Structures are given as C-alpha cells and as structure tokens.
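In the two complexes below, chain A is the common chain; its partner is chain B in one and chain C in the other.
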Partner chain A sequence: MSTKTDTIAAGAAGATPARRRRTRRRYLTVAAFMSPWIVGFLVLYVYPMLASLYYSFTKYDGSKAGPRWTGLSNYQFMFTKDALFWLSLRNTIWMVLVSVPLAIVLGVGSAYVLTKPRRGRAFYRTAFFLPTMVPAVAAAVAFLFLLNAGGPIDHILGFFHLPQPLWFVSAQWSKPGLVVIGLWGVGSTMIIFLAALLNVPAHLYEAADIEGANAWQKFRRITLPMISPVIFFTAVIGVIYGFQYFTEAYVVGASVGSAAGGSSSALGSPQGSTLFYTIWLYQQGFESFHLGYASAMAWMLFLIVMACTLVLIKSSNRWVFYQGGFR
Partner chain B sequence: MSGATVAAVAPRTRQRTAEARRRAFLTTVANHAVAIALTAAFVLPLFFVVTTSLMTQQQALNPHDLIPHPFQWRNYTDIFSEEPILRYGWNTLVYAGLATLGVVLSSVPVAYALSVIKWRGQRVVFLLVISTMMLPSQVTIVPLFLLFKQFGWIGSLKPLIVPAFLGDAFSIFLLRQFFLTIPSELVDAARVDGANEFQIMWHIVVKVAKPAIAAVGLFQFLYCWNDFFGPLIYSLNNDKIWTLSVGLQQFTTIHRGVLWNQQMAASVVFMLPVIIVFLIAQKAFIEGITLTGVKG
Partner chain C sequence: MRRLLMVVAVVALVATACSSGSNSPGGLQPSAQASLTPASCSTKGLTTVGGPSAGPSGEQPVTIQLWSFYSSGEFKKYCEVLQDFHQKYPWISIQHTGGKSDQDIFRAVNSGTAPDLAITSGPDNVAKFCSANTYTNLATYLQNDNIDLAAIVPDAALRYTSYNGDQCSLPVLSDAYGLYYNKDMFSKAGIATVPKTLSELETDAKKLTVFNADGSIKVAGYVPLQSFYESTQLYNGDYSGGIWYDQNGNSAFASDPSWANLLQWEKGFIADVYGSDGYHKLQEFFSKLGGPDSEWSSSHGFETEQVAMMMDGEWRNAFIADDGSKVNYGTAPFPVADDTPDLYGAGQIGGDVVGIPSNAKNPDAAWLLLKYLALDTSAEVKLATILKNVPTTFESLKDPGLNSDEHFKVFLQIFGNAHSGYKPLTPIGDTDTSLWGSFIDKWESGGVTDLQGGLQDLATQIDNQLQLG
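And then the complex of A and B:
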C-alpha cells in the first residue's frame, strides 16, 4: 500500500512501517468523517436503486405476497399499450422544450436589465428575486386565482385588448399557464446570470467601443460567449429538473379535476393536458399501487434524463466557450 | 469621461457634451423604465394575492377594483379557526428545523473529508457524491417507501427527517467548494501545533466557513419548508402531520373556485415567513446561489 498522498515529508524517506501506520490512520479518519454519507449512500441510494431495478421486472402491489417476476412485461406494456405513458412523455417534453429556453432568455434578459441602472440595482434585484421565495404550492394556488376567468390577469389583458384565454380550465392553455408560474420564479436563474454578466472583463467592452461596435454586436460577440458556460449549466439543470416537474402540475391538476367533479384520479386535468411523466408515475405507484410498473417508469425516466444530458454535453463543445482555451 | 478636461475646450465640443449628457439621461430613463416594468411583472402577482386575501368572498370572485372594500381582516382569523393552520405550521417547522440541523451536522464533516484532508481516491468519491444529485428521486422512492413502511414510519415525519442526518449531496458540494478556498497555511499551522482533524474542523474550518454553513442551512430550511413531494408521499394518510404545503393543496382542492379570499390568506400565511427570512438574510442567500452556479 504505497501512497503519495501524504505530502508532509516524514523525516527519513524510507521509514515505511511508521508511514504505513500513519496512512492507515488517515484513512480511518477519512472514513469516520465520511460515515454519514457512506451510510446514506448505501441505504438511500444503492439499496433502493437495486431494489427498484428488480421491481421493474416484476408485478408488485406492496402486499405480503411480494413481487412476482414478469420479465420485460412492464417495459413492453409501457411502450406498446399504455397510451397515457406516451401522453405524459409528450407533455413533459413540451414543457422542457418551452420552459427551459424561455427561462434562460428571461433569466439573461432580466439579469441584463439589472446591470444597466447605476442606482437602485439592489432594489430591483430584490423585487425580481422575491417570487422565487414563494413556495411552489402557494405559487400554484396563487396563479389558479390570478389566471381564473374574471381574475386580475384577465382584467389586465382585457385592458390592453389582448385575448383572455381560459388558462387552467382549457386543455390548450393549461401548460402555458404552468410556464407562466415557472417563469415568475426565474429569480435564482437570473442571479446566476447576473454574477456571470458582472464577471465579463470590462476591457473587452472597451476594446469593442474603440472598434465602434453597437450594443447588439457587443452582446452577441462578447457577452453571449462569455456567459455560455453558465447558459450550459442552466440548460443541464433545467432539463434534469424539467423531466421531474411535479408539484405545480399536481396542485393545478387536482384542483381543476376536483372542480370538474372528478375523483382522486382526476390528476392531469383538464383532459390529460397536465399529465406529466412524474404525475403519471405517482398515480401508478402511490394511488394504484402498481409498484413494479412505477419502478419501470422511474428507470425509463432516468435513462431519458441521462440521454438528454449526454446530448447536451456532447453539443456543448460546439457552442460553449471556455475562457481557458482563449487565453 | 472626466468633466475637467472637457470644460477647457472649445464651445463646439461643449455643445456635443450637452448632447451626450441628454443622451445619457435618456438612456438612464429607458433603463429604469424597463426595470420598473419588470418589477411590476414580478411583484404585482404578490400584490393581488395580498389584496384578495382581504376581500369579501363576493368581491374576490370578480375583483373589478383592486382595493378591498371593506377590508375583511376576518379572513385571517377564519382560516386559523376553521383549518388547523397552526398545526400545519408547527409540523412544517419541525420538519424544516430538524432536517436542516441534520443536513448541516452530517454534511460539514463529509465536505471536510472531501476538501481539507487529501487522500487517494478522493476525486472518485467526490464524483460519486455529485452523481447522486442527478438521480431522479422517483428511482428510489418506491423501495424507500416500502422500507419506511416496514419501520412503521409512514404517517409520521420520520421518513423526512431521519435521512437528512445522512448527508445531502448538494450541501456537501457547496460546503466543499467553500472549504477549498480556505488558505492551507491556516490548516497546516494547526497541524504542526498537533491539532487533530476534528479539532481543525471544529475550531478553524467551521469558524471561517460560517457564511457558507449559513447559506447551506438556509437553502435546506427553505427546501423543506416548500417541499411538497416528500410530505405528500409519506404523510397523506395522516392529516395530523400534514405540512403547510399539503394542507394548502388539500384546502384548495376542496374549496376550488369558491373561497378565493381564504385561499389567498392561507397562501400569504404560508409564504410570509420565508419572504421575511429572505429579506433579512438576502446577502448570504444570493452569495450562496452565486457560489453554486459560477464556481463549478
């Protein structure tokens, strides 16, 4: 067990037994410090992952009878027979494709606005960020009211002679309504972009000014490349969490569904338009107790998220600009 | 841009600076106009929520004017007497408080072992810690539910609190990033003086890293306060331990489209504590987010 990690020179170079003892003690110390995570990793990750992978090949309702091996039938059912699986996947992809780019545009945009005024920046920053603090359930409840027919946003749209859609009551507008809730809480994305924008070296802009560049050219040629690593980071996080989108959709779907006189299985209302992947997974696992099928869906979700993340990472060397390579 | 050099030159240039000044003024006005418009978009929803929470039921159904008439403060006392809001609030506080304590206590030593102590294999273990953040919680939720059911923990807050004492990947990551910035001379000096790793962690690193620990605690507290999925899975069958998020969701589903004023009052009660915490601790908060996003 030779090690070079011990950087403190220990007297005579070849004093192996003492050195070995010290190395062992060091590893014991590390293990002691790491122990909460080691236990957590085994109990909260390794065991449940193996178990759910196994369940995904079984039929299991959680009863004493235990899981019954059914091979690939859960996956087969998912792909060939379960129309709601495909609906939920389509809804989820729609949500990711619309809300991730919009969150980036609005995040960069509002951060850019914050860099402009010399005074009042702290005030504006607080105001822009405030909605991020609102708990997801409270935000969803608030927008159920704000976007209801005859509600405040209806009045504002009417005042400007804009169309007043039915939002959460209509299958066409329920997802855009959810996007609005998400964008309202764009603050944390914005803060990250604000830090990135303020990090762009001023001399780059000064050089561009001398060359006579206009504002758009400066943004396109300097700002965007310089903040592209942060855009990439935000996109990856957005995709990972976007596929797990749950809370707002659950609150809205359950509320609209119950108003329509449905039962607990009214999730996804209206007309399945808010049936997202995790909503359907929750319904299958924790309302119908199809634990095997829910596990199969969970693993499929994991694979989809991994695939999307890998595609993003692969694409990144074409559009993400790292300062290190430039210097 | 210094005015002293400009003042000395010919009137023609002075005219041009007046023009430039006018332009700068217009730019300032435009900048503030855009910022104010965005402020309205972000803050008006909260304003509407608060005003509606003070309206009568009829006015809330069709709020032609924005100001409540009469101001019905009774809504707030009504929700407390008709709904067990205090109990939901207490449950939420217990969950968020104990889970935060657990995450801080367990994540600090792990982050320490991944940054201040140097050892072979450290990088791989660190990547393993990070990779657990990528795993959708749905992958582990079914076996964990069955496990906690065996323990007899379903219908209690234990499945939400106990795992917090086993470290949290995001918090470990954030703390590690901060610990790495601590000058190594500080730690080495203590080692030469014969301090052991625990003493160094407790007396030096924790003292220096107070802002980062505060940020981690704040993030965890807010995450738990706002959490819906966890309480939904583990507590739906027992309304004695509902948190505010589950309580408000159920309240909304029952009174959908009718008691908007009370729903908004309940929402205000739910969001007010975290907004106050944010306004007080804003600096630590924003620095924490910046730390996660930029220094990757």
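And then the complex of A and C:
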C-alpha cells in the first residue's frame, strides 16, 4: 500500500512543473474568458447586495455624512411602526396570488389554441406576442385611456348593458385593472407554453386515442404533466417578478393621485389600493431619503421572495413531472 | 449536499431576478440628450449661453453648470433670461441642463459631480438640502453683498427656502392658488359676488350645479375632491388655519381640530350639493372629463364650462388663453373657513427654488447668477412674464405690466398677503403631504369610520417617518 502511494506521489512530483503550468494556463484562459461576467457579477451584483445589507443596519440618507450604524432598528421599525409596509405587502401578495395563476392559465390556454390553426399560425402567434413589445409605461398610459369612464371599453360595456366600473378610480377595481394590463402582455408566457406544447410527443396522444380518451382526459393526463416543468418555471419567475411589481402601478397611481404638475399627493391612489411593496420602497429610498430603511425593505423582500421560491420548489416534487426522470 | 445546492441555486436565481429588469422609475425621468450648441437657445435638454470672453476688470472666462427641472418650451424661454445675464456678465457662460429632478441633484452633490447652480420645482426638499449640506448656506454671500433679504423677498417665500435659520436657497418665481369662477354661470344663477367663506362656496356651488336626467352631473358647481385638479391645495391649511406641526415638531393633524373640521365640511359639502352618492357621482364626472390628465389639455373641465368654480394656480390664465377657451371667467382669493375670516385674501404659495450645491466648482460665479435670477427685478419680471408665474420680490410684484392683467393681479396679491405660505418643511420631503393625501383619499371614499382615530394614526405615522430622519 505504501509502495503504491509513494509511486503515485513520486510520479505526480515528477510531472508537476509542466503539468502545473498547463493547468494554470488553462485556468487563466478560462478565467480570462469569464472575467467580463465575473467583474460584472462582483461589481453589479455582489457589491450592491453587500452594501445594501450593510445599509439596512444603518441610518443613511445618501448624503456625505455617510451611514450611521443602528443595528436592527430599521427591521424593528418595519414590523412595529410602519403601517404602510403591511398595506403594501398585502397589495403585493394579492397581485401575486391573482396575476400569476391567471397568467399561467391564459398562457396555457392561448398557447393551446394556437397549436390548432392549420393556416395563419405564424400570424396568430405574432398577434398574441406583439403586446409584449409595448413598453410597460406606454401600456399603462394606453389602458388608463381605454378603461377610463367615457373611454372605448366603457362605451362597449355600456352598449351591452354591462356594469361600467370606474377601474383605476375605484379601490375595488384598480388592482383588477392592473391585472388586465398584465394579462394583455401574456404573450411572452404564451410563447414558452407553445414551445412546450409542441414538444409533447405525438405518440402519447395516439396511444390515448386508441384507449378511447376524450379531449379533457388527454389534456389532464398527458398535456398538463408533460408541460408541468414549464408551468413550474413560469410560476417561479412569475412570483419573483410579481413581488417586484412596479412600473404599471407607479404610472397608474401617479396619474390618478397626482396634482400640481405630477407631484404625488396621494400614495397608491385610489385609497392605497395601488401601493405595492416596491412603490413604498421607492418612496422611502428616493423621496424620503431613508436609504437605510429602504435597504432593509429590499432585504426583507429578498427573504420573502426566496421563501416563496423555496416553497414552490419543495412543492414541485408532488406535481412536476420530468420526462426522463432527471431533476 | 443536494439540498445545499438547491438552496444556493435558489439564492442565485432570486438574487439575479430581483436585481434584473428595467422597472426603475428613473426611466420615467427626462434626461438631457443633446450636443452643445454654443450661444443658442434650444428646446432640448442642454444648451450653452455665451462664449469665452474676459470681464471688464480682467475676470477670467468661466462656464458654470446650471441644472433645472425645466423642459421643452419653458426650457427655451428660460434661455432668454440667461442670455440677458451673459450680456451683463460677459465672462460667465452658462451650460444649462434641463429635466433634472431633486434626486438627480442630491445624488450629484453626494457623488462629487454637482452643477454650480440648481433650480428645483418646489420647496419640498429644501429642508433636506439645507440640513444635509447639499446646498451652501447663502449667509456669507448675502453679508458680503450687503443684501437685506427681508426688504426684498416676502417673508413666506424666505420661509420655504430656508430650514432652521439656514437660508440655503432662494425663491425664483412662485405659484399662488386662488378661485377661478365662470362669470356667465354666476350671472345665470343670480350670484352677484364671489364666495368668501366655505359656507358661501357651498351655497353657490349648489346653485351652479346642474344634473342630467339620469342624476349624473352635467355641470359641477365646485369639486372638493382632493384628487380633482388643484383642489388638493384647499387641504394644506392655508384656507382654514390648519397647523401641520406643533411646537415640539410633532404632527398636529389630530391635535388641531381645524383639520377634522375641514374634512367634515368636505363630506357635508358633497352630500349637500351632490346627494348621498355624491362621491361616486363626482368620481364618474371627473373620470368622464378625462381624469387628472385633462388638467393639462383643452378638455379641462373649467375651460369647457363643465365646472363653474375651481381652485387653481396663476398659470391657468395662460392655459385658458393658449387653449383658445371661450370661458368668461374671473379670479379671486379662495374662500376660507367660516371661523377664520381674517385669512381671506391669502392662499397656498410656493414654487421654484434655486441653490448653490455645496461642492460647486464655481460658486462665486454661480452666486452672481443666483442673485440675478432671484433678486434682480428686471430678471424676475421677465421670467414672470414669459413663464406666466408669480415673481418673488416686492419690487417685481409691483410691476405695472404684470398688474395690468386683472386676472393675474389677484395672484400677485395672494402671494404678497402676509398669511400666505407653504407648509412647514421637514427632512422627509413630501412624504407627510403624500400620507395626508392618502388619508383624505380614504376619508372621501368612506373608508374612515373614526375620523379622530384615523387622524391620530396619521399623525403617528408622520411622526414615525420623521423619526427615521
């Protein structure tokens, strides 16, 4: 045993200089190719994250006076003294719980429909995908006009004697209105589902046909399991982005609640219904100059999102089917 | 190990996703994008006035950086006054960058890239800029030039440009808010005089309001909703004697009864003039007018004669003329609460603020421009004339040209009234105003059942924000 070990050691020692040079050169080459990403990751991700973690334990307004260590006081303030933290969190959770499942259902549904036409398939796909090309701010402004009382959709609803809600002026309808804007841009989700649907092996459906399965049974027993990894992916990404929901709500809230040249006179108008977590975070960080507190809010959001993602991943054991069994 | 890998993967995924995307509101901010065009006034976000030339006493040519919030038409008009300045001080050229927010200025100062002079659109962040040493205290400059500010600028304007005795900025043009009323509608309704108290406002609004057959509003006498155009200014305390902060610096929304009284008046007004479902009717009416965006278009409710009376700033005169509206209107100070008649004639004021960043590279030249813009009568009058805002010095307020317009004259008088003012400044910027606005929003909709309790919660919330600093 000892002889063998000595031999290997001796051999390794004998090959060391040339081999080490080769290995080092290979490492350096890899590192050189990876350096743009490494530098970017360190400068744009790691440093800001660590800095914001530090700031979250300080009182800091961004001025030259610099941050002052205050321990856990920002976190304590968040849970005990900031009512709008809870309101914004509630609004955000509502948005995630409603918009993510709806986006998945509509995405799957529209993708499923798009697998059917034999003619003009490319046109329909383009038509469904096109809204995702519209910038979020432009979409929000357009929907403010479309859903406004006296606007086109209001007229159509009135023509059919349907209820004509005040949408962004009403606290009950403002969030559903924002969901409508989000669903209008569901094309990006749809395109992923379309790819997944087209990837389901045709022989599975043929076998099911032979067994006499109906359309619903085929969808429930073949299609859904086969696209479940994509549903899972969409859910995870949807939850992550849902908690960061900002642009449309900012535009709508600022428009409805603004006065005097656009300065916000009522946060999350109407009646706080569009005050989402990131909007309150933005207000604290950049309007009130509470950068320390805003950093604490950002880290709390990070923890919440991570917890939700872990729950989703944990639950995926039960409902996500991986073809080939690889996880 | 597998679990550990999974956790690492999740952290990486969330961290990457959390910081990606382009949802930054910075994308909403206008930014300067233009090449230098020496000695010209462009409508773009960047322009340069003047060229290198020495001063009469051998002063070295210098170019100062001026940042302002101005954009498009106003940006170009401002250039005219900068050219006048350059003629007076030929060795000083100005590079003017528009579309800059308060946050841009704050960041630039703290990152060492500050301009020499900055103009912001309102006083909300003056307290922060003074206390955080973002702007230079002007005391030394004022002392060296023997300037007695109290003799030149009304006290209220000096209050909203200073904090804790630190005069770190000066006013340069202001807004003033008053009553606009439709003379034809007044005449038709048999109203001979403008309302001076909130009770009279309610009585007149009732006479002026016209409903459609289905009960919806055809013409609104007056819309008190704080989200309606500039109606929000009514709730800043200037017309009802409301105090924002007590002597200890704590929020006075719960302790000063005038706030609760004002909100009760509003609720009573809506029920009396528009009926028990008046709130919903007003929301529908405003929405059909085009919502808040209609304020800046020719479909404005007052200009299209669907609103008989409203609160608005002096600039509406220019909008009415520019939009080609045929409305036959008058202006007056806004009515005040019945128990504070001595406040009549006063109103909400406040406007542009100019300061020298603490790390400006050319502070002395910047001071000359600041002094010119804020204290020179001819510059103030010219700015007020071309931008249709209220000038901010005693002398410019007396200008015969500005006073010749009866509509505009009312706002000059409001600005000069001793009771006029802006809410007290705090280092939390406009957060107190936003929280107050949110509370009114909730109150109007019926979401507040216990008014006093709600005001107490609001006061606590504002005090907590102040604690954060």
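Throughout what follows, the second predicted complex is superposed on the first by the 301 of 327 C-alpha atoms of A that agree within 3 Å, B and C clash if a C-alpha of one lies under 4 Å from a C-alpha of the other, contacts with A are read in each partner's own complex, and residues count from 1 in each chain.
By our rule, a contact is a pair of C-beta atoms (placed from the backbone, for glycine too) under 8 Å apart; a residue touches a chain by one contact, two chains touch by 3 or more.
As the structure is a computational prediction, the values presented were derived from the model and not from experiment.
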item: Touched partner set for A:184, first chain B, second chain C, both or neither; value: first
item: Touching partner for A:45 - first (chain B), second (chain C), both, neither; value: both
item: Which of chain B and chain C A:267 touches, first, second, both or neither; value: second
item: Dominant toucher of chain A (residue count), chain B or chain C; value: B
item: Chain B versus chain C as contact partner of A:235, first or second or both or neither; value: neither
item: Partner chain in contact with A:62 - chain B first, chain C second, else both or neither; value: both
item: Contacts of A:144 with chain B and chain C, given as first, second, both or neither; value: both
item: First, second, both or neither for A:301, with chain B first and chain C second; value: both
item: Which of chain B and chain C A:250 touches, first, second, both or neither; value: both
item: Chain B versus chain C as contact partner of A:309, first or second or both or neither; value: both
item: Shared chain A surface residues [contacts with chain B and with chain C]; value: 44-45, 48-49, 62, 136-137, 144, 148, 150, 240, 244, 246-247, 250-251, 255-256, 258-259, 278, 286, 301-302, 305-306, 309
item: Complex interface listing, chain C residues touching chain A; value: 6-7, 10-11, 13-19, 21, 23, 25, 27-28, 103, 106-107, 109-110, 121-122, 124, 128, 132-134, 175, 226-227, 229-233, 283-284, 286-288, 290-293, 313, 427-431, 433-435, 437-438, 440-442, 445, 447, 457, 461, 464-465, 467-469
item: Of chain A, residues touching chain B in the complex; value: 3-5, 7-8, 26-27, 29-30, 32-34, 36-37, 39-41, 43-45, 47-49, 51-52, 55, 62, 110, 113-114, 116-118, 120, 124-131, 133-138, 141-146, 148, 150-152, 155, 184, 187-188, 191-192, 195-196, 199, 229-230, 233-234, 240, 243-244, 246-247, 250-251, 254-256, 258-259, 278, 281, 285-286, 291, 294-295, 297-299, 301-302, 305-306, 309
item: Chain A partner contacts - residues on chain B that touch it in the complex; value: 28, 31-32, 34-35, 38-39, 42-46, 48-49, 52, 60-64, 66, 106-107, 109-110, 112-114, 117-120, 125, 128-129, 132, 134-147, 149, 163, 165-167, 172, 191, 196-197, 201, 222, 225-226, 228-229, 232-233, 244-245, 248-249, 252-254, 256-257, 260, 263-264, 266-267, 270-271, 274-275, 278-279, 282, 286, 289-290, 292-294, 296
item: Chain A residues within the chain C interface of the complex; value: 44-45, 48-49, 59, 61-65, 77, 81-84, 136-137, 144, 148-150, 166, 169-171, 236-237, 240-241, 244, 246-247, 250-251, 255-261, 263-272, 275, 278, 282-283, 286-290, 293, 301-302, 305-306, 309-310, 313
